[in-house]
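Down below are the structures I want you to see.
You will see two complexes here that share chain A, one where it goes with chain B and one where it goes with chain C.
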Partner chain A sequence: MTMNIFQQEFKMHTRSVITWSLGLTALILLVVSLFSSFAQDAALLNEMMDNFPEQLLTAFGMTGLDLATILGYFSLAFLFVQIFLALQAANYGFSLVSVEEREWTADFLLTKPVGRTRILTSKLLAALSALAITDIVVWASSFFSVSMWAGDAAYDTSTFLLLMASIVPFQLFFLAVGLVVSLLVKRIRNVTPYAMALGFGMYVLSVFGDMLGESALEKITPFKHFEPNYIIQNGAYDLPLVLISVAVIVLSVVGSYLLYARRDIPSAV
Partner chain B sequence: MSVIQVDNLTKYYGKARGIVDVSFHVDEGEIFGFIGPNGAGKSTTIRLLLSLIYPTSGSATIFGKDCIKYGPELRRDIGYLPSEVFYYDRMKVIDLLKYSASFYDKDCTDRMHELAELMELELNRRIEDLSYGNRKKVGIVQGLLHRPTLLFLDEPTAGLDPLMQRQFFQLIREENRRGVTVFFSSHILGEVQRMCNRVGIIKEGSIIEIADIRTLQQNNYKKVRVATGDPADVEGVAARFDMAGVTNLQQHNGTVRFFYKGDINAVIHRLGELTVSDVTLEEPTLEEIFMHYYE
Partner chain C sequence: MNIFVRELKSNLRSLIVWGVVVVLFVTIGFSKFSAYYGNPEMLAILDSMPPALLEAFSFQAFNLTTVTGFYGVMFTYFALILSIAAAMWGSDIISKEERDKTVEFSLTLPVTRGRVVTAKALAALVNCIALLLITLAASLVSAAPYQPDDEFYQFLGLCTLALIFMQLIFLAIGIFLGCAMKRYKRSSSVAVGLLLGTYFLSVLSGLHKDLEFLKYVTPFKYFDPGMLLREARLDMLYVGLSLAIIVVSLAGAYLTYARRDLYI
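What follows is the complex of A and B.
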């Protein structure tokens, strides 16, 4: 790692980290603050949900969900948090190297006396720090809101911690896959459509997987590997699926280093 | 000692030709001109030497070391001024220059301010607000602040006004006097002619000539212009010079012009037999030689 590159990269992430963190905090606080008024009518709601078609519930990962409990309720909100976390991480992954090539600053950086491996490591660590800050903010606002508005509703702390911890590998998946894809294509002109496609695409896959009862699809998407509903109901991760995520992360990172080391940097003219 | 040694370097982008079988060397302390039209492979060659891209085959050494394997180490002493200059936009000029300086083990502050003053660069402006010419100045200062001993200039003057161009050339000459080797790529022949000791001419990805700039001008061609006393004689005069070694024979407004290659006495001899009102014998500009290669 090279300290000056890390600092520069981290500085370029600051604005984005603040925006994502504030947005996610607002979302979490808003949804959880509604829990107490929700819980009063929870019995009614659960009854109503029983009348919903089974497919609809599965589509939204709500089967067996008990909205009367704070964790059951929270896991519903958490699905949205996950979507945003996925978009953020995918965005960082796709732009990590491609931004430089789009704005031609790669010429500047790569003609300095630093090797490519060290450049990539510095950039990766800067992105990881940015994601870590977001994760810490998400943890803080989740703990705060749940302990604030859970009322008397008891919940299992270790399950809650498991759920919170899952966002780290969850984001790593999108960061790593975004990065390796950006290195497999020749040039990315705009990062947003790629990040959206990866983030929402994985979400849609998990929805379809549920609806069609297709278990092959759930092997691909981290929305399944770290499904909040599963974690809350079982008090554990679905280990084989989590291992798939870990394998994808490792392969993507190793692949990225290999691809970047041999990459031809496109020129401006 | 050769500072740059290129052996049979070839680069294909997929199926598209970059450069083919390029070999040349650049000696320590010289200004080597690299000329050719856009798309001939000038930038490709420089990018290969800086290992921004990797060769399909062949190899190159800088300071006697492989330019890929020892890339990071070699780049400590290399300054690069790219043809298009874009930098991290939200940064101020001074921030970018400090960032650039932070990559080198030495203190570059004094040199940085010296260069900025010389190029009349405002340090506190945001880079995104700068004009193309001013960005180019940022590129110049950034490429020189660590006192490199080898400089790569890729179309360095595009966007600079004439006054700044002169300032820039003076700067490069001074660097060269200190012993800095310069690899100067350009399609503007006048500036190459003024600056360089030797030139390599590249056409469609291949080197077609490497020569000392004086040899290129002296040994090859003379540009001859003969004004006849009587415009009616033009045809006759032109006919007299229709001889071996003469090319581009033109007549216009009572004047005959041509290029001549060979023993100059043959021309002098024929001139002696004529009555003329004016004669000039001069070395062709590089541009004229160049056009000859591209015909």
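What follows is the complex of A and C.
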């Protein structure tokens, strides 16, 4: 790792980290603060949902979701948190290396007396720290909001911790996949479409899988690997699916190092 | 005209990619719809529920056993996909010139900035309409085997009209952001952020009655498929609101782009 590159990269992320963290905090606080008024209707809703056919509920992704409990309700907010975290991580992954080539600074950076591996390591660590800060903010605001507005409703702390911990590998998946894809293509003109396609595409796949009862889609999307419903109901991760995620992360990171070491770098002149 | 043609050409690839995504989405969706189509178990449940309840939850629109109800469920996703495409095209078509360092060149052409924006906006608009037509065609072809009735075609027409408004809103906002934002790199992410933010608000506004006022804030609530089906018309209030957003954004785009400092 090279400290200079790390610092420079980290500085570049600062503003974006602040924006994302504030946005996520606002989202969590807003949704969870509505819990107490929602919980009253929820008991009624649960009763009604018991009468619905299984298929209808799966179509709307409402199976096993008990909105009357704080964790069930929180998982609703958590899904949105996941979407935003996925977009952020994908954004960082796609732009990590490609930004240098887009702005014609890659040749400057690569003439420095630092190996490519070390450059990539510094950049990755900077992005990881940026994501870690976001995680800490998300954790803090989740704990705060749940303990603030849960009222008397008891919840299982260890399940909650599991849920919170799941966002780390979840982000890594999008960061790593974004990075390796950005190294596989020739040039990325604009990061947003790529990040949207990966982050939001995965979300749509998981919703679609629910609606259609298609289990093959489960294997692809991290939104299924770390599905809040599953974690809350079972108090554990769905291990085989989580392992898929881990494998993808490892492969992507290793692949990125290999690809970056022998990448053809375009220069302005 | 040259700019318009040039932009159409350079956006063609993106249009094709989006077109393929939409067609895939429609095909997969409808192929799975066959499992719901006329499913007697679900029909029985729907019949047993009191009509008032159905009304309240607009389950008429969500009756997955009919092709019309199924399209009502798909509508939200179409709105999301088409407006994301519109927002990205709108913001990108203006800001990419600065990103690719071609803005000096295009603005030294003997054309005023206003006309550059017009040509680009029209090219993006043509793209949006093309994508909408692809969606419509794919839906019609996929729905045909289920012998849709007149009601379906009427509903489809209304939904398409609603989708046009959604696209126009986000296209106009995108163009405005592309023109107005100093940091050209941010414009597309801000456009998409705004879009996802308003989508989130639309989900939130359904959760609790105190948040109902949000329905004026988020375009995703302007055209509710349940209401489109029940009343078979667009709500004029929201049509007016949409037009206002579009006009204000476009006016803002022209004004800011005319006096914009360029990043070279």
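The working rule: the second predicted complex is superposed on the first by the 255 of 269 C-alpha atoms of A that agree within 3 Å, B and C clash if a C-alpha of one lies under 4 Å from a C-alpha of the other, contacts with A are read in each partner's own complex, and residues count from 1 in each chain.
Criterion: a residue touches a chain if its C-beta (ideal position, glycine included) is under 8 Å from a C-beta of that chain, and two chains touch if they have at least 3 such contacts.
If you're wondering where the values come from, they're calculated on a predicted model, not measured in any experiment.
Contacts of A:Arg189 after superposition: chain C is touched, whereas chain B is not reached. After overlaying the two complexes on the shared chain, residue contacts for A:Ser37 are found with chain C alone; chain B is out of touch. Of the two partner chains, neither chain B nor chain C is touched by A:Leu125.
In the superposition on chain A, A:Thr105 makes contact with chain B only, while chain C stays out of contact range.
Of the two partner chains, chain C is the only one that A:Val204 touches; chain B does not reach it. The partner that reaches more residues of chain A, of the two candidates chain B and chain C, is C. In the superposed model, A:Asp264 makes contact with chain B only, not with chain C.
Overlap of the chain B and chain C interfaces on chain A comprises no residues.
Per the touch definition, chain A reaches chain C in the complex via residues 27, 30-31, 34, 37-38, 51-53, 55-56, 59, 80, 83-84, 87, 91, 102, 189-193, 196, 200, 204, 208, 211-214.
Against chain A, the residues of chain B that register as touching in their complex are 13, 38, 43-44, 47, 50-54, 71-76, 78, 80, 82-90, 99-100, 102-104, 142.
Remark: chain C residues 14, 28-29, 32, 35-36, 39, 41-42, 45, 64, 73, 77, 84, 88, 92, 96, 99-100, 188-189, 192, 196, 200, 203-204, 207-208, 210-211 touch chain A in the complex. Residues of chain A that touch chain B in their complex: 4, 8, 12, 103-108, 110-115, 118, 262, 264-265, 267-269.
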